[in-house]
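Next, two complexes with subunit A in common: one pairs it with subunit B, the other with subunit C.
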Partner chain A sequence: MNFWEYLGSRHQQLLADAYQHASAVFQCMVVATVLGVLIGVAAYRSEWAGNLATTATSTVLTVPALAMIGLLVPVVGLGVAPTVTALTLYGLLPVVRNAIVGLRGVDPALVDAARGIGMSGPARLLRVELPLAWPPILTGVRVATQMLMGIAAIAAYASGPGLGNEIFRGIASLGSKNALNQVLAGTLGIIVLALLFDAVYVLIGRLTIPRGIRG
Partner chain B sequence: MAETTSTTPSARSSGATGATIELENLTKRYHGNPQPAVDNVTMEIAAGETVVFVGPSGCGKSTTLKMINRLIEPTSGRIRIGGEDVTDIDPVGLRRKVGYAIQSSGLFPHMTVAQNIGIVPKMTGWPKSRIRARVEEMLDLVGLDPGEFHGRYPRQLSGGQQQRVGVARALAADPPVLLMDEPFGAVDPITRDHLQDELIRLQRELHKTIVFVTHDFDEAIKLGDRIAVLREQSHIAQFDTPEAILTNPADDFVSGFVGAGAALKRLNLTRVGDVEITDYPTATVDDPLQDIFQRLRAGGTNEILLLDKRGRPYKWLRRGDLMRAKGSLARAGTLVHDTVTRDATLRDALEAVLTDNAGRVAVTGRRGAYEGVVDMETLINSVHEMLEADRLDALEHQHDLEESRAGQTRPGQGGGGSGERGAPA
Partner chain C sequence: MSTTGGRRPGGEHEVRGLVFRDDGEAETEPEPEPRPPSPARAGRRISRQKLTLLPALLIAVLLATWLWFRQAELDPVSENALSDGRVSKALWQHVELTVISTFFVLIIAIPLGVLLTRAAFRKATPVAMALANTGQATPAIGLLALLVIWLGIGRRAALIGIIVYAVLPVLSNTIAGLKANDPTLLEAARGIGMSPLGVLTRVELPLAVPLILAGVRTALVLNVGTATLATFGGGGGLGVLITTGITNQRMPVLVLGSILTVALALLVDWLASLAELLLRPRGLEVGT
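Presenting the complex of A and B:
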């Protein structure tokens, strides 16, 4: 059975895995973005809080994904829970870092002007600072998503959902007829998903970044 | 603004939409610095008046300005706007009633021109239709075509246009007070000149109370009804009309700041319309040659000003000119290449007189029609008179001040009056 025949016979299973993979990454990314921006907003004004947030999130990233999931299993059990927890934690770092950099990069003269014309603190944040910091935040989200695509594959190790199952099954049955096809289908599927997500981010950027500050 | 040479500020404030500003013993100390950044400033600004803070960089003029809308909270002292004590009210509410324009415009790059201008009315909860109408009105007011600029983003505007939009935004909610922190500091000199003229025109229509910060003394003279020359820690070295500061600087610091050429700068403060414009023998191109000959012979001067068909100055004609040109009016005489209007400053007039080989310039009125002539002698005489009058005014003023201070300091040592401690005792 060559690769194309394999795809033809297993397409339903593959599509289901791909859908679950995308869905897991998407949902975790939404949570990571919301949390990351909130952490960024809470931390950017103070030197040490900002440093603490970036250091903490980078430390998380240095833990190998496999080890992280392994460590989470005794705590939250098998299946979806460790996957979601790990993906969200990994997704945080680029978002938090870019949110802090973006918010700190807003021209202080503009913040001064916003204060001077009578904007309250929350209004300043929502209508001036966050919109101006949005392009770097979106870049962070984009980078994080690419990263999570790969990390999500490892979730299969803890019986999580997604294309990782194909890859792990292939590795487990190395030497058998379909082993290579399975690994290939899983890997290529992840690459295609990553490219699709990236295209969507370009579109989101077009729609959400005001023309006045688009590069 | 500049033509109100001798009127007192309070006399101009009738019908003004501005509000008074009173600063009382305003002090700002920063943590860990024993010297206060702003030390005990006391100042009263009349409604509808333009006051310029001028001083070297780091003298605290900007800090003083920012304490008026409490962008910087004063350590001690009171601020009253329109008689109301605003030192402890909600700063956000206060700032919506005080327009604020800064250097490099401070426009939000992610909002269109219309959104930028409409932001304060929107925050104060105006209905949409009213905001839209107000935005158009403000764009019109600052001389930008609403249809063209409405939907543009700040980066699509030139520096001067951005600055205009910045002023429009500051004025959008119709605040009685306008604070301007070196608003024209970052634009080129020609644009700056335009913007200053525009501000003078605006102020003539609106009568806001404007506090303007600059380090450019010429800008201060041009814009201010009164100028506060500040030295370090915002100590007031002199707080007076531009005329008084130019002719009678309080001390060496002020005269150093005024710089050389105070008399020349004084020329900027008087208009051609304020000095004596002399009549001159004239003739029009349609007059018969015989008449023109007659007038040349009869007139006290040996020269006559020839006007064109619409009464505009056309040529200077000397006695011999017609002979030399063999009686042809078209070839005789020298063309008039420079005229001034009644609204021109004496400095412009002097410039024109100096470049003219015979030392005079024609003054024109509506549609360039001839009104009279100003010559070197008139200019010199009026400048002398002006300076003399200024000096007398200043002496009298100083005398009054000394008397009131003598009366003040005796009962309560170190009480009020410290606001003008820089003035000579």
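Presenting the complex of A and C:
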């Protein structure tokens, strides 16, 4: 059976896996973005809290994915739970870091001007600072999503959802004729998903970055 | 990252250094905001604190694990997975995989980066960067599995997989570093009559040292992580303990494997950050 025949005969299974992969990454990324921006907003004003948030999240990122999953399994069990927890944790770092950098990079004169025309604190944050910090945050989200695609594949080893199962099925049946097809289908599927997500982020950037600060 | 979108938002320079998981610069380099003129010193002090904090934490965690294992009652399966020096063997294999692969990553990626920024090859740079971007989207486990199918089970396939996976980020780091050099400095070097080789070895490379060191750190940390996957290709390493723990449902094995892996990863990152601090050219410390 060559690769195309394999794709043809297994497309339903593959599409289901791809859908689960994409949806796990997407949902975790939404949670990570919201949490990450909140942490960034809470921490960026103080030097100390900002550094703490960056150091903590970058330490998390240094931890290899398989070890993180290994530490989560005794706590939350096998299956979807460790996958979701690990993906969200890993997704936080680039977002938190870029949110802090982005918010700190906002020109103080602009914030001052907003205060001068009578904007309240929350209004300044929502209507001036966050829109200005949005491009770096979005870049962080893009970087994080690409990374999560690969981590989600590893999480399949702890019975997580997604295309990683295809790869591990191939590894389990090494030597059989379908091993290559399975691994190739899983790997290429993840690459395609990652590129699709990336394209969507470019589009989101076009739509959501305020016109005044586009490069 | 830098070539997929034509339009680059303002935060790009923050992300460029972050080839996956490098963040050495975030702590040691000043923020884009103007600051009082001692950012380098402040940065160093923060790092010093961090430098002593992490080993202390690691020692505490390892000690706690050791104490827990002394009193833990292990069933035969766990006993079997952990006895006969299997743990130290796995640890040693992991270190070997990391060191060997990092060595090869560096001798491949850095010369290639230098080559690709020379005038003769400059046209190939976007191609290499695009390749690096696609490479980032490739899952490490898939790459490793493909290599195992192609080359057969064993350490060789695992090593090649680890190397291939880390070459691209370090390469794009090196290219970005060499490109970011101030062109007026290169012009000045040429102006005082330096040969192209002299410009490269005496101006460009010293200026790019911080970035190359960041690349070393990226490679090390990435490789410690990818080496955990070597077990799926029969390459050994600490991943063996983790997978044994998961497949046999033996939490002590799983936890020990994971904690050792985490400790090793953090230790390697710590050593690399130490190297970054010590090897940085003195002239670049102030005012970068």
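Methods note: the second predicted complex is superposed on the first by the 215 of 215 C-alpha atoms of A that agree within 3 Å, B and C clash if a C-alpha of one lies under 4 Å from a C-alpha of the other, contacts with A are read in each partner's own complex, and residues count from 1 in each chain.
Going forward, contacts are C-beta pairs under 8 Å (C-beta built on N, C-alpha and C of every residue); 3 or more make two chains touch, one makes a residue touch a chain.
Here the structure is a predicted model, which means the values were calculated and not measured.
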{"item": "Subunit A as common anchor, with subunit B and subunit C clashing or fitting", "value": "fit"}
{"item": "Subunit B versus subunit C, judged by how many residues of subunit A each one touches", "value": "C"}
{"item": "First (subunit B), second (subunit C), both or neither touched by A:I213", "value": "both"}
{"item": "Partner chain in contact with A:P131 - subunit B first, subunit C second, else both or neither", "value": "first"}
{"item": "First (subunit B), second (subunit C), both or neither touched by A:A123", "value": "first"}
{"item": "Apex subunit A: angle to the C-alpha centres of subunit B and subunit C, given in degrees as a multiple of 10", "value": "100"}
{"item": "Minimum distance between Cα atoms of subunit B and subunit C in the superposition (Å)", "value": "13"}
{"item": "Subunit A positions touched by subunit B in one structure and by subunit C in the second", "value": "213"}
{"item": "Subunit A-facing residues of subunit B, complex", "value": "69, 71, 92-97, 99-100, 102-104, 106-112, 119-120, 123, 153-155, 169-170, 179"}
{"item": "Subunit C - residues contacting subunit A, complex", "value": "1, 4-5, 7-12, 14-15, 18, 20-21, 23, 26-27, 31-33, 46, 50, 134, 136-143, 145-146, 148-149, 153, 221, 224-226, 228-229, 232, 238-239, 242-243, 245-246, 251, 254-255, 257-259, 261-262, 265-266, 269"}
{"item": "Contact footprint of subunit B on subunit A as seen in their complex", "value": "109-110, 112-120, 123, 127-128, 131-132, 210-213"}
{"item": "Interface residues, subunit A side, partner subunit C - complex", "value": "51, 54-55, 58-59, 61-71, 73-74, 78, 94, 97-98, 101-102, 104-105, 133, 135-140, 142-143, 146-147, 149-150, 153-154, 157-158, 164, 167-168, 170-171, 174, 179-180, 183-184, 186-187, 190-191, 194-195, 198, 202, 205, 209, 213-215"}
